[in-house]
Each structure stands twice: as C-alpha cells, then as structure tokens.
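Structure below; questions to follow.
Letters A, B, C and D mark the chains in the order given here, with residues in each chain numbered from 1 onward.
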Amino acid sequence: MFLEIPHVIGSVRPRITQSRELEMKASFQELLIYIIYLTDLCIITFGMVSTDMYYLNKVMLKLFLKTPLPGVENIDFTTMGSISDFWQFLEGPLLDGLFWKPWPNDNSTSLHRNSSYIYYENLLLGVPQIRQLRIRNNTCSIYPPFRAFTKLCYGKYSYKYEDRESFGLKNDSAWHYSRPTSLSLWHWGSIGLYSSGGFRFTLPKTKEKSLEKLIFLEDNNWITKGTRVVFIDFSMYNANVNLFCIVRLTVEFPAIGGIIPSWRFRSVKLLRYVTYFDYFLASCEVIFCLFVLTFFIQEMSQMKRLKINYFKDGWNWLDMLLLLLNVVAIVFNAYRTVEVSRLMENLLSNSDVYPDFYFLGYWQSRYNNMISVNIFFAWIKIFKFISFNKTMTQLSSTLARCAKDIIGFAIMFFIIFFAYAQLGYLVFGSQVNEFSTFQNCMYE
Amino acid sequence: MFLEIPHVIGSVRPRITQSRELEMKASFQELLIYIIYLTDLCIITFGMVSTDMYYLNKVMLKLFLKTPLPGVENIDFTTMGSISDFWQFLEGPLLDGLFWKPWPNDNSTSLHRNSSYIYYENLLLGVPQIRQLRIRNNTCSIYPPFRAFTKLCYGKYSYKYEDRESFGLKNDSAWHYSRPTSLSLWHWGSIGLYSSGGFRFTLPKTKEKSLEKLIFLEDNNWITKGTRVVFIDFSMYNANVNLFCIVRLTVEFPAIGGIIPSWRFRSVKLLRYVTYFDYFLASCEVIFCLFVLTFFIQEMSQMKRLKINYFKDGWNWLDMLLLLLNVVAIVFNAYRTVEVSRLMENLLSNSDVYPDFYFLGYWQSRYNNMISVNIFFAWIKIFKFISFNKTMTQLSSTLARCAKDIIGFAIMFFIIFFAYAQLGYLVFGSQVNEFSTFQNCMYE
Amino acid sequence: MFLEIPHVIGSVRPRITQSRELEMKASFQELLIYIIYLTDLCIITFGMVSTDMYYLNKVMLKLFLKTPLPGVENIDFTTMGSISDFWQFLEGPLLDGLFWKPWPNDNSTSLHRNSSYIYYENLLLGVPQIRQLRIRNNTCSIYPPFRAFTKLCYGKYSYKYEDRESFGLKNDSAWHYSRPTSLSLWHWGSIGLYSSGGFRFTLPKTKEKSLEKLIFLEDNNWITKGTRVVFIDFSMYNANVNLFCIVRLTVEFPAIGGIIPSWRFRSVKLLRYVTYFDYFLASCEVIFCLFVLTFFIQEMSQMKRLKINYFKDGWNWLDMLLLLLNVVAIVFNAYRTVEVSRLMENLLSNSDVYPDFYFLGYWQSRYNNMISVNIFFAWIKIFKFISFNKTMTQLSSTLARCAKDIIGFAIMFFIIFFAYAQLGYLVFGSQVNEFSTFQNCMYE
Amino acid sequence: MFLEIPHVIGSVRPRITQSRELEMKASFQELLIYIIYLTDLCIITFGMVSTDMYYLNKVMLKLFLKTPLPGVENIDFTTMGSISDFWQFLEGPLLDGLFWKPWPNDNSTSLHRNSSYIYYENLLLGVPQIRQLRIRNNTCSIYPPFRAFTKLCYGKYSYKYEDRESFGLKNDSAWHYSRPTSLSLWHWGSIGLYSSGGFRFTLPKTKEKSLEKLIFLEDNNWITKGTRVVFIDFSMYNANVNLFCIVRLTVEFPAIGGIIPSWRFRSVKLLRYVTYFDYFLASCEVIFCLFVLTFFIQEMSQMKRLKINYFKDGWNWLDMLLLLLNVVAIVFNAYRTVEVSRLMENLLSNSDVYPDFYFLGYWQSRYNNMISVNIFFAWIKIFKFISFNKTMTQLSSTLARCAKDIIGFAIMFFIIFFAYAQLGYLVFGSQVNEFSTFQNCMYE
C-alpha cells in the first residue's frame, strides 16, 4: 500500500513533475477544447426544450383537470370521489375537451373535416383509447365468519390475479381482453404497478358517437367490482411550435372503495428536423458525435497506457460515465427518429386507430433527464482543468484525511435517520399524507 | 467515589480487559444475533401496517367530512356552525354515506340484503350509534343583576354536573340515560373530557327508517340547551384488504354557543390470521417470543452477577425498557385476539346492535405506537455493539465533562422559554389559534 | 471612573464579601419568598384568562364575518367591495346574527321576551349602535384644469376636516352630529385615526323594525360621498362562562373609492367575583397587594441606603419597573370594578340604549397585556437569585467587555437595515401588501 | 505597484497624516452637511409615495380582476381559459367596472354628464383602448406529412412575422393596422416581447354603446387564429388624493392554444404641485438641486487634484454614481412636468380619445425605483464619514487579504450553482412553474 502510492502519483499525474509552465499551457489548451465541447452540448440540450412545453402542459392540465363536472361547481377530475363522478367526467369535461368544433368561418380546412383541434391549435392524433384492468373474484382471503355476508372478494391489483376472461355483453373489443403490444410499459400508479394489457376500446371520431358509446358502456356496467384501474390515453400535435403533448389520465379503483385519480402530461419534441434552427442543431449533433469519438479514443489510449492505475483516479471514472451517457444519448436519438417516422406513417395511413405515443414520450422524457444529468456532470468536470486552485486542494486533502471518521458518523446518522423515518411511518402513516409511504418519510 | 470507578469498570465491562480479538469475535456474534432479532421485529411491525390504511382513512374522511350539506355549496361537517346545520348533516351527508344501495345487477348476494356496503366494498358493521351528554341547569353562577334576565344557566361540561334525568318524550332509550359499559373510554374533545355514558340510540338498518327517526328526534328537540356533546359512532369492515375502519364523529356544543366538530378515523387490522402471509407473520411472532424469553434470561443472569452495578450502565436500562415493551406487546396481542373473537361472535349473532369497536381500535392504535417506539429503541440499541467507534467515545466523554454547564444553561433556557410561551398565551391566546392553549404555545 | 468601580461593588453587592455560606442561605430564603410571590401572580393571571375566550371570539367571528351575503356565495364581510355590498351585509348577515328567536319551547323565560340570545347563549346587551364620520366638501386641492369636471372633492379623513353639519332628512339623531362622550377612544383604522363623535343611531329591539330602519336609511342615502368610516358596535354577555364579548365592525370608505372592512372582537371577563373560584382569586389578590407593599418598603429602604448607587445596578431598575406595573395593575383593577357596576346599573334600568363597553374592553385587554408583560419580567427576575452560575457570569463579563464593538456593529446594521427597508417600501410599496406601510417593511 | 500604494494613501486620504483632532472636526462638519442633504432627499422621496397608492391599486385590482364572469362563480380575469371567456370578460366585468352611474341624487355635477366615475371617486380619463397584435399565416414550418391536415400555421409572436394587413370587415379602424406612436414602449408579456403598433379601437363613452360595439366585433370574429395578444388600456384620475391609476390588462393567445392573462396597475402621482405640501416639496427640490451642484463642483475639483488616483478609491465611484443618478432624476422631473401638461391639454380639449398615460406611468415608476436606489446608496455613503470605526477597518482589511481565495470559491460556487439551475430547468421545466424559465431556476 505504501509502496504503491508514489507509483500512482508518478503515472497518473505525470504533469505534476513536469515543468509548471508547460503544464499550464497544456491545461489551458485542454480547457479551451473542453469549453467548445461544453458549448456544443449546451446548444443541443437547450435546443431540445422550450418554455412552450411548460405552457402547453399548463393549458392542457387546466382544460382536462380543472373543468368542473356538469352541474357541480366544486368537483373536477382531481377531486372526484365515486364511480358515477367518473362516468360524468368521461361524458362531460373529457368529451368537451377532446372534440372542438372548427374555428368559425374557417372554410380553408375542408381536408380535415373530421379532425378535432383542441383549443383550435392542437390536432388530436388518431383517437383516444380507454383501457381497464380487472381482477378475478376470490383473490383474497375472507375471515371465515364473514363468508356468510359476502361471496365476492376482489383483492388488490396484482399481475397474477388479473382477470382476462371476457365479460358483460362480449359483443365488442371493450369486453374482451387484449394482450399488451410488445413495446408498452407497465404503469406505476399511486397504489400499484399495472400491466399493459387489458380491456380496451377507442372513442369514435365525433363527440355525439363518443357520448353514445360511453352511455352504452355505463348502462351495461363496463366498470365492475373487479375493475382496479382505468387509463385514458390520447396524444395531440401542435404544428405551430412542433410539439407533441402525450396525455394519460389514470383512475384507480382501490380495493378499499372510492377512486384515486392521477395524471401525466408530457410535452415533447419528437420531430426534430423541421425548421432551419433544427438543421443548425443537427450540425451541432454531428460535431458532438465527433467529440465523443475523440474522447473515446483518448480515454482508450490513456487506459492502455495506465492499465489498472487508470481506475484509481476519480476523474477517470467521471470521464467514463460521461462517455457512456453520451453514447446512450446518440443511440437513443437514432432510435427515436426511426420510431417516430414509423408511427407517423401508420397514423397517416389510418387515423381511426389509437397511436401509442406514450412509450415514445416516456423514453423521450427519460432521455431528456439523462442528457440533463450528462450536462451537469460535464459542468463539474470543468474543475479537472482548474483544480490547481490552492484552497481547493487543501480542502480535498483535509477531507481525505478524516474520511474514516466522516464515514463512521455517516453510518450512525443513517441508522438514526432510518429509525426515525420508520417511527414516523408507523405512527403517522395512516393519518397524514406526508407519512403515507415509507419513501415520503425518508424525504421528510 | 474515586475508589468505586475502577470497580465499576472492572465488573460492568470485563471484556475491555480481555484480549481485543476475542472481544471483537464475541461482539460480532452478539451483533449477528441482534440483527436477526431486529429483522424479525421489523417484519412483524411492517406486517401490521399497510398503505391501504392511509387510503381507507382518506376515502372515508372525504365521504363523511367533505360532502356539502344539501343546498349549500360551502358548508360540510368540518365547517358547520349551528344546530340546524348539524341536523342537516345527520339527515343528509351522514345517511347518504352510511346507506348504499347494492352494486347494480349484483344478485349473488341475496344473503345480506339488509347490509350496507359503503363505497360497495366496506361492510357497515351492525348499526351506528348516536350518543349525547347533557348537563344540569343551574350549574354555573349568574351575576345577581342578570338573574332577572335568565333563569337558565348551563355551564361547561363536567362529570359531576352531568344530567342523568330522563327528558323529552321519555318513550324511548334515546330519552333515558344509560350507564357506560365497563370497558368504554372517556373521550378527550376540543374543550373537555367526556364520560362514556349518555343518552344513546342506534339508527335502524335502512335509510328511510333512519331518516324518519332523525326527523322525529329533531322535531321533539332531542338536542336541548343542556346538550354539551354528541358522538356518532360506527365501524366498517373491508374484506378485500382485511381492515376495520372505526369512525367517531364528535360535535361539541360549548357553553359559549355554536358548535365545534371534530373526528377520528382509525383503520386497524384486528383480524390477524387470515392469509398465508399472516401465518408467516404468526411464525415470526413465535420466534419473537423465543427471543424475548432468551433476552429475559440473559438480563436476569447478568443482573444477578452484577447486582447493584447492573443499574449503573445506561445500556442496561435500555435493555430493560425494551424487554418491558416486548412483554406488554405480547400480552396485548393475546388479549386483542380473544376480544375480537368475542365481539365478532356477538355481532354475527345479532346484527342490529351497535358493536363497540372504538375501545379496541383505540388500544390497537396505542399498541401500534408502542411497538413503533419499541423498534426505534431497538435500532438505537445497535450502537451498543458498534460503540468502539473512537470519535463517538470522544464525543460522549466531552459531553459528560461539561454536563453541569449544559444543565445550567438548559434550566435558564427553559425558564425564559416558559416565560415567553406564557406571554404568548396571555397576549394572543384569545385571538390566534396557535396560542389558544398553553400546550400550543409551548410547541411554537 | 476607575476609582468608582470598587466602590460600586462594595456597596451594591456587599454579600459577595461576606462568607459564602451565609450568603447562600440568605439567597435561598429570598428565592423561596420570591417563588411564593410568583405563584400568586401566576394564579391571578391565569385566573383572568380562559380557553373559552378564544372559542367565543372564534364562534362570533364566524357568525358575523363568514356568513355570505344573501344570494352571493363568495362575498362576506371580509371580502365585500362596494357600498351596496355593505348595505346588503347590514340587512342580511348582521341582522340575522344579532336577532335570534328564543330556543323552541322555552317558556320559562317570559321575563326577557325582547332580549335576543345570540346562538341561544349570549345575551345581546342593550342595542347595537351604528356611527359614521363624514368629511366636508372641498377638503382637497383639485388640479385647476380638472375643476371643470368635478366640483366635489372629499379628501382623506382628518379631524380638522370633519363635517359636523346635519344632513339628509334631519328628522332623526342619525342625521345630526353628536359629540363624543368624554371617555370614548379614538380608533386606529387601516388608513386613519378616527375621532369618537359622529352621526349615530341605534337599532330597535326587533329584527323587523331594524330592517325597516336600515332600508329607510339606505333609501335616503345615509352614506354619502363624504362618509369616511362607519362603526358597528355591540356587546353581548355569556352567563354560562361569565364573559363579555365586545364587538366593533369597522368599514372604511377611503378617498380612493371602494371599502376596507376591519373588525375587533374582544372577549373579556369584566365581572370578577361571581363563582367560588373567583373568591379564591380575590384572596390571592389581597396577598398580592401585601407582597407589593412589602417590596415597595424594601426597595425604598435599599434606595435610601445606597442612594445614587442604587440606580447603577440593572436589577434595581427591573425591580422598580415591576413595582410600577404592579401598582398600575392594582389601581386599574379597582377602577374597572367600579366602572362595570355603574354601566351595569345603567343598562339594567334602561335596556334600549347602547351600552359603551368598548372603552372598558379596550382597557381590559390593555391591562391583560400589561400584566402579561409584568409576569414575564417577574420570571426573568428569578435569575437575580440564581445568577451565581459560573458560566452565566463569564458570558456577561465577556459581553460587557466588547460592548463598544457590538454597539458599533449594531448602528451599522441598523443603518443598512433601515436603508434596505426604505428601498423595499419605495419599490414594492404600491403593489405588495407586505410592503404597503413602512412599519411592515421594518418587520420583514 | 508596491511603490504606488503609499502615494495613494498620501494623496487620497491626506487627513490620516494630519492631527487627529482637526480631522475629526472636518469629518463631523462634512457629516452634518451630508445629513442635511440626506434629510432633504428623504423628504422628496417620501413625498412622492403614499399608502393611498397601495389601496388604489388594491381596490382596482379587486374590481377588474376578481369580479366573476356573469353566471360562473369560479372564473374571473385571472383564471379564464378560452376565447369565449375573454369576450364574456370584456362584455361583463370590464364594462361594469368602467362605466358607473353617477352617485344617486348628485345633481351638482351636470357638467360632466358623460364622465364615468369608477367607485364614484375615480374619473375615467378619455376612453379605454383595446389593441391586438396579429401574426401572418405560414410563419412556422410544418412537418411535411402533416401539411395535408393543416394549411394554417401561425407561429409564436415575433416582430418580423407581424401581420399588418387589414382584415375582416375593414370598415373601421379596428380592422386596419395603425403604426405605433413614436413614444410607445414595447411590452414584455409572459411569453413574448410585443411591439407597440396593432389593430386598435376605443370604446364609446357609454356602457350601452360599448356593449354593442364589443358584441359586433365578437360576431365578426375580431379575434382570429393569428391573434397573439390583446391589450386593454385605460387610465383614471382620483382628484381626492391627486393620483393617477394607469391600467393595462394583457391577454396573450399563445401558439399552443388557450389564453394567458396578465395585468399591470400603476398608481402614480403625475401632477406634483397642487397642495401646499407640494409647494414645500418643490422648495426641497430646489435645495436638492443646489446640493447636487455643490457636490458636482466638489467632485470635479477633487478629480482634477488627484487625477488617476481619484478612480482608485471605491467611495469616489459611489460619489460619481450618486451624482449621475441625481442628475438623471432632475432631468426626468423636468421632462415629466412638461409632458403631463401637454397630455392634459390634449385630453381636456377632446375627451373622446385614448390618452396614452402608459408611457408616462412606466417611466414614473422606473424613476421611483431609480430614486429609491439613489437614496439607498446615499444611506450607504454615510459610512464614508463614520468609517474610522476600528472593528470595521479590521474586517475590511481581513477581507481584502483573502480576496483571491474568496473569488476562487465564488467562481466554483457559481459554476456548480449554474449547473444545478440548468439541471432543474431541464428536468422540471415542463412541469413545475418555479422551473419554467431559466431565470426562475436561478432565483430558486
């Protein structure tokens, strides 16, 4: 151990032993190149987002979540509490929000007579899809004496207890189980993780027919005691700002009765190369790829040279992490472009089906987060080049020396903190929202 | 004093004088056993609670407290202000919430035609009970000149001023005082501690008859000027998730006029051995009992060996506290199982009476809190095994040395803090909620 | 200066030079007596307040401020904005709140047929009084070119611009100015300090006649362009808990248009010797007087002995302050008792007049605050007896040594803070509530 | 560098080398003069603002923003969401707020029969103006496959894409573009910077005709798909308190659909010399000008004496800044007086046009802010005279010594902070209001 350290210093940071002037110059050159790379990365990342996304989400959120149910001032999607409220939401605010009459005197658009433009600007893509998951009877144990009272027992949702039998009228896809498509994701709701199959139906292209269909389903009890969750999925495209808004409204019917609504609005830029600025971004992306290639070669050569010692410097780990994130970003970007084209083609050939943008929207927002973390680390890496700051090195060496004590304290702190969070969860968990899940307790 | 210290060290911690290696090994073995015990305890405790409790409380709270009175958008149980509001609540939201029609087309359940399933899932157990406490006339002193104005004077509630005379129509149990059952608890309300007797009646099994009864009581002035509090008690059982929800809505009629509503929703798991997972928990409980027995014997032998010195080590006090809590937990668990069976039997044989789960729910939630504190201390005890941490011992010895100064400061701080809280209570107490009781002032 | 210090020490604290044991004993004896005094003071102070005060205020606040105007769900006293809203409030929520029908079937109380019991428990004392203050025309300068547009100019309220001319129908006291009674206080409103005279009228004893009167006044424009404030005053007495609730609702009509409502609810215990507990309090008060007398003699003798040096010890200043507060408290207590008796007598002989409890309520609440500050200082004084704490003296001597620097910093801090508050007031004052007055800015 | 420092000390602060007594005296004299200057400045600044401004803004804000749309309890200007809501606002709350009937029985004011007094006290100046900005079709790129669906594409607002073609009925100024007046300012809205031209019209002098005009415009689709923003401008004058209230309500129609309302209420004192107090202020202003002149000469002479060294003392920079601010303030004050007179003359000669006070109000509030900053620095400058405080100099010299380290840390902190803000913007920007713009992220 003691013998190794000089070796490490000698090999990993040979420039410390070089003359200071040369080192400074090399460092400065490296820094300059790095700043170009960082600028390029910033342009790409900021080109990806826009304030419009926020306003699009906000406007849609207000339209679908804050419109009160007909005849009741105080109840909207976020505060509804019973199954009849839910049907009223479907037949009222949802249909009102989805199907808009064309702009008055707007004769120029005879082509898309059947298309609905939400708020006159956002084209509803294809048709909305409503999907439910059900659970089988007798999926929970009843205390024997109570069996006289109730023969029905529908437990909490769980994949293995899913009911895939056709039910009700059985004359329509809404009553038959359909398997998930290969790409769909399972959904984390408030109280469960839901599979991607279920009993699906799509709404017709007009408001009148949709209302008819919904009333028909309500009258025939499409929502049963075994229903555990209903998803309402639709997407829209705003040509003015080239943004997709992918919406999922989720209504859970827990085993304890009542309903728990939740929602997800995702505004994403799926079509990337439309305006001239987009082409500028594209060229930035090409430069970015070149940078990544160069860095990759650099790191490889350095790894080859230093061998095992390469992994002993924290900065190298950061370099590798950044490289990995960059490569994943490039691959995802390519995949997204192909997949959007395919979906678009399908949609344009037949506009009466539900286009599953949810999957793409989910990964696009994951990708955005990843690239954001990427740029954060890229900013931190800048310290590699300016770390000859005296105060900084003093600080870090002091930290290194008392690392053991700090770790000891950290463990003690963690145990006490964990015990305290557990206490909070156990004592207040059933009454207070902030303590209702163990994760929340940890955050408090 | 000086002579005693080496003695203490020599006897309480003899392992310090042993060889370090042996000690480490013994310590590690102890730690391992302790971790098994801790895991067992965690499984038992977390098996006792579930997120469903939170959602069950939330759903019930919304149903009974947030439904507005008929015809008034802004007034619900939490904001009602006059006696007529209270009768409207009883006849409106309460009855609507309690009595649900069966699920449409649900023919399979002919057996329990008269049972109400709240939100279609939660069986109302037996019937709800409404109980009031009244106070006698002339229970306060009137300033002599005012005696011309008012001959009636009903003071604040106090057990010794309780009015136990029959009143009103006297044709029914609602008008006759009934003694408390032996087990019932007194109730801490917002402005008083209420005894457990009172004028009680239960609601019939149907909504129509209940409404009739309530209107009859309203017309005959069941609530008088002497009424100081009304309790509405009912319980429900959710077979899907095997949870009881025990509800008490309290409406106080203070001597100053107006009404003060409060409420208590308790979701508890009273039936423990129903599913397979429950049997796994039961086996964990058996293991737990064995652990407790072992610990008990260990502590006894240690106490015998060390005699008076045993009580000089803080860790031993913690051990004893944990043992005591464990034993109480085991005893309560046994009692609960017996008591629930008895109540269930009674209820199943006659479903027209009010089943008093409130007492059991209260102790179950107290028990949950106790076991939570238990597990918190059990986590803390883990430091006993890893306390050879150097920094830790430095810290504690430093603290010990300046204990006297710290205590001096603490007393000074307490006096100033107490004086300050008192000032806040006296100056702002009659205007601001946060200062309305002296306890609140202390918390601020 | 240097020569004086030993002198001071020698004379003010001669016990430091005595033997330590004797000193401790004397100190302990003093402390014991002081604790008895403190306990007595606490009993008196806490006997003066009760949680009922808070609930009485809360219930009344809800009744008068939170009841919406007839036909409008969202507007109540606190949110009303125009003069017609104000008349609606007077004719709706105010009259509904003031005049209650007797409790159903309550025949026993034939004596007080005309009395209104708010919430069935709180006797409305006498009749409510409504009072306005007006301002003369041409009390502000109009920019010359605008004089063509408007001949009327009613400036901000100011005592010297008050309009005391009779106006309108002149057939009633409501249209004639009446001078303030000698005792009434000026009122600090949101935007001015209002004198205590004005155009007053009282409401009749029944709701119907009151409504008639108010409609008559509204139709004849009792509120004119010169009206700057309207006060609504009434008091009630709750015999159950022996509390007065003295209410003043203030509506300001600022020169900028619109209306600004404010309010003051004061629950006070004006009648002190009614129950047995009150007599116990009375005996405590006698003991308190004896204590005050003793302390007075003690301080006098000490002052005589130490002469000018007496004033060099901070504790002596505290002693004098406490003595002064105590004497004022005793005097006020005597005055209150006399004044309440007088007012009560007047009220009982003629219940159709407005009894001016506002003045008494104001001073009672001032008195409560004073006695609260008194007891706070009394608690602090306890340190005089336990100040031989070593750490404490170290702390205070250190503070004394660097007092000069601290004061220098304090001045600098104050200048910067003042400049900053001023900046906040000037920049945000016209937009944000927190900065709307300079005092608010200082608190921020 | 090393040689220069004694030189600087010797020349800039020669008084340090003088005898201490003389220096103190000179310093005290300077301080005294400075305090007179500061007092004068304070009087001027506080004479400029008043609490009435806050209440005037508040009352107007409530009237125009909080009045609900007719028939809908929950929707007002701040929460409206669709174009039809906007027309309802124009025809309902706006007209109700603008046009008030005269005070009942107010015959004295026959002259201004057509003038509307908002809240009976605030004269509506001239007539309100409504102005919209539109954008051309095909101002954004549509993804080729979507071109079949939509031929219309109106992008985000941008000056170069503005549509200045006449449209609709073309029979009125409302349908023709009018160029901006030379003085008008561009407007920063929530999502764009808007030019000052547009399609304008003014409302007639009566409510009935205004309603007619608005309904006519609504029926003929004055708001088109290309509309991006509508401004509603009006001003009022309160003669009682001599304040103008200049209101601009902005409604943006973003490219993503929906509407985003915002508002700006400015209460300013534009007419300065009306009351006697104003003349006192005027004399203070004259004194102020003399002070500024003196300071200017002083600084000039000092600058001449010290040459380049003058700029090496931070206090001198502060002096120069203050002088500059003072001169700008004086110039603006002169300009304002002239401009208001001109506007007033225009308005009084023809009251049927829209008087553009917005420009003046904007600069007046900018001026208020400037003078506030001015007085803040003037307060800080007082330390120049009392900086012989020992502690202070110690502090500043310590700070000066470790400036390099502090700057290093500051840079590091800024980079990390910037990276963190960027991360927040990228990850949460599209969902959470606090992160919706990068500036907001920086403030967090």
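What we mean here is this: a contact is a pair of C-beta atoms (placed from the backbone, for glycine too) under 8 Å apart; a residue touches a chain by one contact, two chains touch by 3 or more.
Note that the structure is a prediction, hence the values are computed from the model and not measured.
Chemist: With over half of the numbers shared counting as same, classify the chain A/chain B interface as same or different.
Modeler: At the contact between chain A and chain B, which are copies of one sequence, the residues are largely different (under half shared).
Chemist: Rounded to the nearest 5 degrees, what is the angle of the rotation relating the C-alpha atoms of chain C to those of chain D?
Modeler: Between chain C and chain D the superposing rotation measures out at 90 degrees.
Chemist: Using mean C-alpha positions as chain centres, tell me how far chain A is from chain B in Å, no decimals.
Modeler: 40
Chemist: What is the distance in Å between the mean C-alpha positions of chain B and chain D?
Modeler: The separation of the two C-alpha centroids amounts to 57 Å.
Chemist: Where in chain B do residues touch two or more other chains at once?
Modeler: 73
Chemist: Going by the contact rule set out above, which residues of chain C touch chain B in the complex?
Modeler: Listed in rising order, the residues of chain C that touch chain B are 45, 49, 51-59, 62-63, 68, 73, 103-106, 108-109, 111-112, 115, 118-123, 237-243, 265-267, 271, 274-275, 344-345, 348, 368-369, 371-373, 375-376, 379-380, 382-383, 389-392.
Chemist: In their complex, what parts of chain B are in touch with chain C?
Modeler: 73-74, 81-82, 140-143, 145-146, 148-156, 191, 221, 225, 254-258, 260, 405, 408-409, 412, 415-416, 418-420, 422-423, 425-427, 429-431, 433, 436-437
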